[in-house]
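The first chain written gets the first letter, and so on, giving A, B, C, D, E and F; residue counts start at 1 in each chain.
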Amino acid sequence: MGREVTLTRVYHFSAAHELANPALSRAANAALYGACHRPHGHNYYLEVSVAGVPDPVTGMAVDLAALDTQVERLVLDEVDHRKLEDAPALARVITTGEGLARAFWRVLARVVEPTGSLRRVSVVETAKNRFEYRGESE
Amino acid sequence: MGREVTLTRVYHFSAAHELANPALSRAANAALYGACHRPHGHNYYLEVSVAGVPDPVTGMAVDLAALDTQVERLVLDEVDHRKLEDAPALARVITTGEGLARAFWRVLARVVEPTGSLRRVSVVETAKNRFEYRGESE
Amino acid sequence: MGREVTLTRVYHFSAAHELANPALSRAANAALYGACHRPHGHNYYLEVSVAGVPDPVTGMAVDLAALDTQVERLVLDEVDHRKLEDAPALARVITTGEGLARAFWRVLARVVEPTGSLRRVSVVETAKNRFEYRGESE
Amino acid sequence: MGREVTLTRVYHFSAAHELANPALSRAANAALYGACHRPHGHNYYLEVSVAGVPDPVTGMAVDLAALDTQVERLVLDEVDHRKLEDAPALARVITTGEGLARAFWRVLARVVEPTGSLRRVSVVETAKNRFEYRGESE
Amino acid sequence: MGREVTLTRVYHFSAAHELANPALSRAANAALYGACHRPHGHNYYLEVSVAGVPDPVTGMAVDLAALDTQVERLVLDEVDHRKLEDAPALARVITTGEGLARAFWRVLARVVEPTGSLRRVSVVETAKNRFEYRGESE
Amino acid sequence: MGREVTLTRVYHFSAAHELANPALSRAANAALYGACHRPHGHNYYLEVSVAGVPDPVTGMAVDLAALDTQVERLVLDEVDHRKLEDAPALARVITTGEGLARAFWRVLARVVEPTGSLRRVSVVETAKNRFEYRGESE
């Protein structure tokens, strides 16, 4: 792992959401999530960190164009200017920052291999809250 | 006006919205507003600029605690962690940045007098879009 | 002017430049501009402020899609990932922040009318330097 | 004024302060200023806006090196890494943001003429509070 | 550790401080700490990183309300709008960024367990200086 | 390693560059690097992370003044307000973010020992792209 460089690429999307576990009553969800149970939204930043050994010919460790294409197709097209609870990619996911970070990791881990090794997916919900996931095998 | 200092105070709220004119059809709204017609949301920043001549005893031009109380009661409690279209304070307002800036100005202009003169209301929707309103009499 | 809202839209480009007046000698330019005489570059932010009365049907004061199209065609395509001295749109312009702000204003003032009234063009060169131009008739 | 460009230059200093009017009792100051009566401090940003018509030979409206020298000598050397109440330049000034903006304006207005026309002095106390002063003759 | 998500929560406080080791002479402290020996202050950001496996019912890995309560009671109430050298929680601590990060870690490590596992405490003193501590057992 | 604190110090430089492998044809470089093959530039941030156990006498883990001196001499003087391809310190380096992070690491690793242990060198090229290198032995 010693000669690897890690690239972190920052993406943005604006989405609505409302925290609720569909197995719980409306009152139980309101008690559990407080104001976050009401419909609201965020300007989310998604930070994808991918590592690789720089190619001696190109000087690049990661195929950034390929990464952008995958993130746009698999994540941003699903969630940008949408309600997160309506996104098929997030079916059965409670849309906490924790839930989003793990869901985006799972979607990206399957396809990012040719562009580098996925190391971290971070979801920045507000200037005060950041959620990081590094996968199940760490 | 010469000796006045202008204070700009920055507030934050997270809200959902979807752009639509209720007088138009769903298809017309979709054509008009594009992706913004779908439910989505933002971390909004509301910047309220108030001017006054500093009081020689206190060194302050604006009663910041009073301003905070008014903005919280009249704006933030109405919109934070809510869908903007559900806020009574925004009834009959299309929730564009332009619409929000004017609506918040009107609400604040009535009450801010004792704390200083309202000079500008800015709504920052994303890092790329800022909307400023300076009132009807400029 | 009283009912107008001002939209500020933020654009980004990365460019190289080197300050020099071609009428001066190399030594004179080096003395005049110091380190800025050497080739270097910036992540520039271009902020375009356009004002208009919100349309009662759409709630929008400015046609943002049209503004984006014009700025991309007339400014960003000319300067992004280029050396500013090579851009035809900047012929005979010394590429100081002052020069860029006025040059971008002139290019945009001709075309922005249908999307709103151009009010200000700001060029942010670094986190420490911002240049604003409001046109010749202020 | 029509052909002028305005440069805003951003400076930084870290200072301690405590709000108090020396003519008042300790209890009166505590009641007036609340937590701000206790010794605390900030990373202040000082934004100095100076306007001028760009020189046709240099492309510059403002002599930035001269401006930096004046601001460093007259302001930053007085307040950086100091307690504001100990700075001779702030004698008899209550160190509110309003007081600082006016005090820095007065100091700079006397000397900035050869580098351009002083237009605005802004003091950014925290991410939530900004104070602007445009002089007595506006 | 594989399924854990790490939440980083950002807090803010404004404080005065002056670097000095009470065992040294005034001249020795001045020589050692330079300008930082003089009373000054900062807008500090405190970033607390806590990890946990998301609860399948709530989708949350960390009890954010409990974390906020602990950080406010044990840290912010002690240091916000105060001189750091006066805070009982910082007795015998030289208030460098290194000292603050370790002191805040020790205070939080004792109580954060029910809300998740403390992973990192970062103190951001200025835009140029960040200090991170990950505890003694790493 | 348990009692170490990590300091991250942020530096800034403005530079021009153009991506090209001199072993390839102009057309091959244009195909490989796209717009980045053209001369352009950035406001780069260089973040240097150094770890150490805080000295019980000074409370400091890192000699910050010594670190600044080394980074200025070995990196900033080489690249600030220059074209990266002209910097002797970057001879035979393709100036991708990956290449810069590794080159700056190698330069600093040789000299940073007396000021602490070098842990990470990050190059922030734009608000969207960050490159991190942690050395060959991790």
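A few remarks follow.
Keep this in mind: contacts are C-beta pairs under 8 Å (C-beta built on N, C-alpha and C of every residue); 3 or more make two chains touch, one makes a residue touch a chain.
Keep in mind the model is a prediction, meaning the values are calculated, not measured.
Annotation of subunit C and subunit D: jointly contacted by B, touch as defined at the top.
Distances between chain centres, each the mean of the C-alpha atoms, put D farthest from subunit A. For the pair subunit A and subunit C, the distance between C-alpha centroids works out to 34 Å.
Rounded to whole angstrom units, the spacing between the C-alpha centres of subunit C and subunit E is 42. Inter-chain centre distance (subunit A to subunit F, centres taken as mean C-alpha positions): 28 Å.
In subunit A, the residues that reach two or more other chains under the touch definition are 127.
Pairwise chain contacts in this structure: A-B, A-E, A-F, B-C, B-D, C-D, C-F, D-E, E-F.
Within the complex, the subunit D residues that touch subunit C are 1-3, 5-11, 54, 57-62, 64-65.
If you check the complex, the residues on subunit D that touch subunit E are 12, 14-18, 35-36, 38-43, 80-83, 86, 126-127.
Within the complex formed with subunit E, the subunit A residues making contact are 19, 21, 23-24, 32, 34, 93-99, 101-102, 127-133, 135-138.
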